[in-house]
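Going in written order, the chains are labelled A, B and C, and every chain counts its residues from 1.
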Amino acid sequence: MEIAAPPLLEVQDLSVSFANTRAVDSISFRVEEGETLGLVGESGCGKSTTALALMRLLRDASLTGRAWLDGVDLIGLGEAEMRAMRGSQVGMIFQDPATALHPMVRVGEQVAEVLDAHLSLSRAETKARTVELFRKVGIAAPEQRIRAFPHELSGGMCQRVVIAMAISCGPRLLLADEPTTALDVTVQAQILDLLRGIAGQSRAGMVLITHDLGVVAGMADRVAVMYAGRIVESGPTDQIFAHPLHPYTAGLLASIPQLDSGWDEPVPTIPGSVQDKGAGSGCPFAPRCSLASMECRTAPPFLAAGGGRMVACWKAV
Amino acid sequence: MADALVEDVAIEAPRRLGPFKRFMRHRLAFFGVVIIAILLVGAALAPWLAPFDPDDIDIVNRYAPPASPGHWLGSDDLGRDVLSRLMFAGRISLSVGIAAMLVTVVVGFAVGASAAYHGGWVDAALMRFTDIMLCFPSVFLLLFVAAFVPPNLGSMALMIGLTCWMEIARIIYAQILTLKQTDFIAAARMVGAPAWRIIVRQILPNSMAPIFVAATLNTANAILLESYVSFLGYGIQPPEASWGNMLTNAQSAFQVDPWLAIFPGIAITLAVACFNFIGDGLRDALDPKVRD
Amino acid sequence: MADTLVEAIGVSRLYRANRNRVVRAVDHVDMKVGRGTTLGLVGESGSGKSTLGRTLVGLQTPSLGSVAFEGQDVAGASGSRLIRLRQQRQIVFQDPSGALNPRMTIGDTVVEHLRVQGWTRADARSRAQEVFEQAGLSRQFLPRYPHEISGGQRQRAVIARAISTDPAFIVADEPVSALDVSTRAQIMNLLRDLQASRGMTMLFISHDLSVVAHMCRQVAVMYLGRIVELAPRETLFRMPLHPYTMALLSAIPIPDPARERTRQRIALIGETPDPAAIPSGCRFHTRCLRATDICRHADPPMRQATSGHGFACHHPLEHLR
């Protein structure tokens, strides 16, 4: 009997609260080595908050629960150790490349800073490594480009620099928060190809946060769908798309206008809006759910549904 | 069509404290409001509350120290009651301050809004004029003008107002330039709304916050300026009292009775400081970007 | 054949960014929009689609060329013609937050929109109620402020304002891009229903081809200020002639894992050039894998493949029938 290797990242009952609102409500998920997990949801569902919470980048937030990266509990870690982790063990890629980079520092310098913070290399080695990284992320003429300022580069180029920074120290985990949302669709395709390549080459795990189900379909091995701070469904990508178990997942998939079919039919919708939260402690999706009934007044637990899938719904088939 | 007609429920506004509550949390601002209220009430009701007539000369009791019988704050070189004079002077100083503030707001808004809204050469001309005016130190400008204009409450308010509107003009200019880029202004222009209507109905309600803040700070500044000018003798003329010209007399009598300078000084300081606190509190309360 | 309601004739829109940079946001565009039709305008950042849309609806004036409405040039219109132009052309903006005055109730926003055009307060009020209902907002929303309602509801208010004057021509500038995925479908359906029931002519601008496919019968693709392909929807999606169109279609992520894995992607080299420095010859040649010498030197004119299918390319794609 094989004993399964411990996952790269394991999150258990993570909750994040600000003042008196719960942004993330007791979520659990795991990411294996070499695997990409897609964390999907609409605005306000808590997916970005989750990433920031794991990296302990949230001020004024109280966290409960556990999160182990390679066995180290991220929640309980001291600030100094956390800083050592960021950039070296975990690489982060944010949404807007324009604001992720310092406007007054040359991009090569910014990457070098990350290298200097975690590795002790000579100046020459750092520079060589930087050029190498730029080449790896697909920036042409890297020796010249390291001297550029962010405003001299296009959005896609800036995002490549951000990716270079994220992978510079060979992290075990990549956290990508809407990495292509601010980019044109043709550039998005290029950047996603790049990320796929990088994730494939190293044995790093990746958490890809996005609202775009198309992106997730092409990039993620497994998917977790979030709604109102909770994970409502998770499982292998193929299965989630082919047979969604949670009504929200099903509704979300149905409401995406198809590129090549159904052009003249009304697009199926989920009534109401994300702000219509359930009162009190019931299922948060109940007000918008066509299957809701009395039992939905108690929040459904997040349970296994066979085949590596989990779902939080009383009505899941 | 059934799907389009959704019986949506409007969400509650995000739970942040309203501006009033946020203002009240600012302790200094609250203190400022209380003190200014006291000063205003004291000034407004001076004819009824003051123990003496401010021009009542009583040579026998001149230079009475504070806490003398009848004269709570003492009496001055001509035996006039300091407290009464302070209250009546408050009417002048506060009136000038508030009136001047109104002038700065009206002129500043007119200049800033016209420049921002029309752009082009109007913009360039008005803003360069504003820049030039800003180069003059206001006190000297004021003194210069005061030499030619007979000073009374009205003319002082006007003069101070006309030398202090530039800051508001700049603030409004920046605000409106930002608002000009918005789509809702574009929508109004597109449908043919004339400039004045857009400014009054669309822009003004959005600019109230910086105007309020600038207005309170300007009031403080105006009171200070009136005091300077009156102290130097070019402002409110005796026997009419203003806090500033009370200091003029007090200066020569300082060796004999320092209290004559201290009380008007405290009045000016309190008024100016409290208006500043209120301005700070308003700025914090009305700025949506400040976290609770 | 529908008669032309709106026409762009050699329209260019230039901006002077600073002394040396002139940005050609829209560069010599000829386009006709037939009455009652839906035309999609697709492109990425720098394509000029938004600028073109805003110029056609009267928010901006063209630097070169002219815009015609109902057959007449709109420049220099005055009096009753100007009033008509203002009433007949309306726009739905992308960001519902910026499109509504934060200090006015959404009901008042619509009322003000009408009063500026001469409606009495009473008439404007009842019309506001009417259009709110048509946009799917019940009466209780009239006294609400924008920050008190959701993004989808705000966009409905923006749409209500746009249809309040009963316009013949509506430009929808990325109307669903700023909305949540689950709200997009609601607004898309609403716009479609309104367009169909009122027979409005609609120019739908978006960077998202999937959305455009559901909204428009005809689609135009823009790149760096120029229309590079214009065709009926089915033709454009199934048999595109311009390599850029093909690249756009293949770049869109499809929410179907099996298809995503096996798709053929048309790769493009690099990114869209700076609109202040448009490449010589065919402006797309710097990114095109099919570019040859002629592409670097000669700007391809718009040609017709079949009637209704225009393209501007020296080496259009070939499709086996």
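In the analysis below, a contact is a pair of C-beta atoms (placed from the backbone, for glycine too) under 8 Å apart; a residue touches a chain by one contact, two chains touch by 3 or more.
Since this is a predicted model, take the numbers as computed values, not measurements.
The pair of chains sharing the greatest count of C-beta contacts is A-C.
When chain centres are defined as mean Cα coordinates, B lies farthest from chain A. A separation of 52 Å divides the Cα centre of chain A from that of chain B. Look at where the CA atoms of chain B average out and do the same for chain C: the two points lie 49 Å apart.
With centres set at the average Cα position, the gap from chain A to chain C is 32 Å. Under the contact definition stated at the top, the residues of chain B that touch 2 or more other chains are 3, 6, 8, 11. Among the residues of chain A, those touching two or more other chains are numbered 266, 269, 273, 275.
Multi-chain contact residues of chain C, defined as those touching 2 or more other chains: 150, 152-153, 186, 189, 193. Within the complex formed with chain B, the chain C residues making contact are 57-59, 82-83, 86-87, 89-91, 93-95, 98-104, 109, 112-113, 116-117, 133, 135-138, 140-141, 144-145, 147-150, 152-153, 161, 165, 186, 189-190, 193. By the touch criterion given at the top, residues 44-45, 150-153, 180-186, 188-189, 192-193, 207-211, 213-214, 233, 237, 247-261, 265, 267-268, 270-272 of chain C touch chain A in their complex. On the side of chain A, the complex with chain C involves touching residues 42-43, 140, 154-157, 184-190, 192-193, 211-218, 237-238, 241, 251-253, 255-260, 262-264, 266-270, 273-275.
Residues of chain B touching chain C in their complex: 1, 3-8, 10-14, 182-184, 186-193, 197, 201-202, 205-206.
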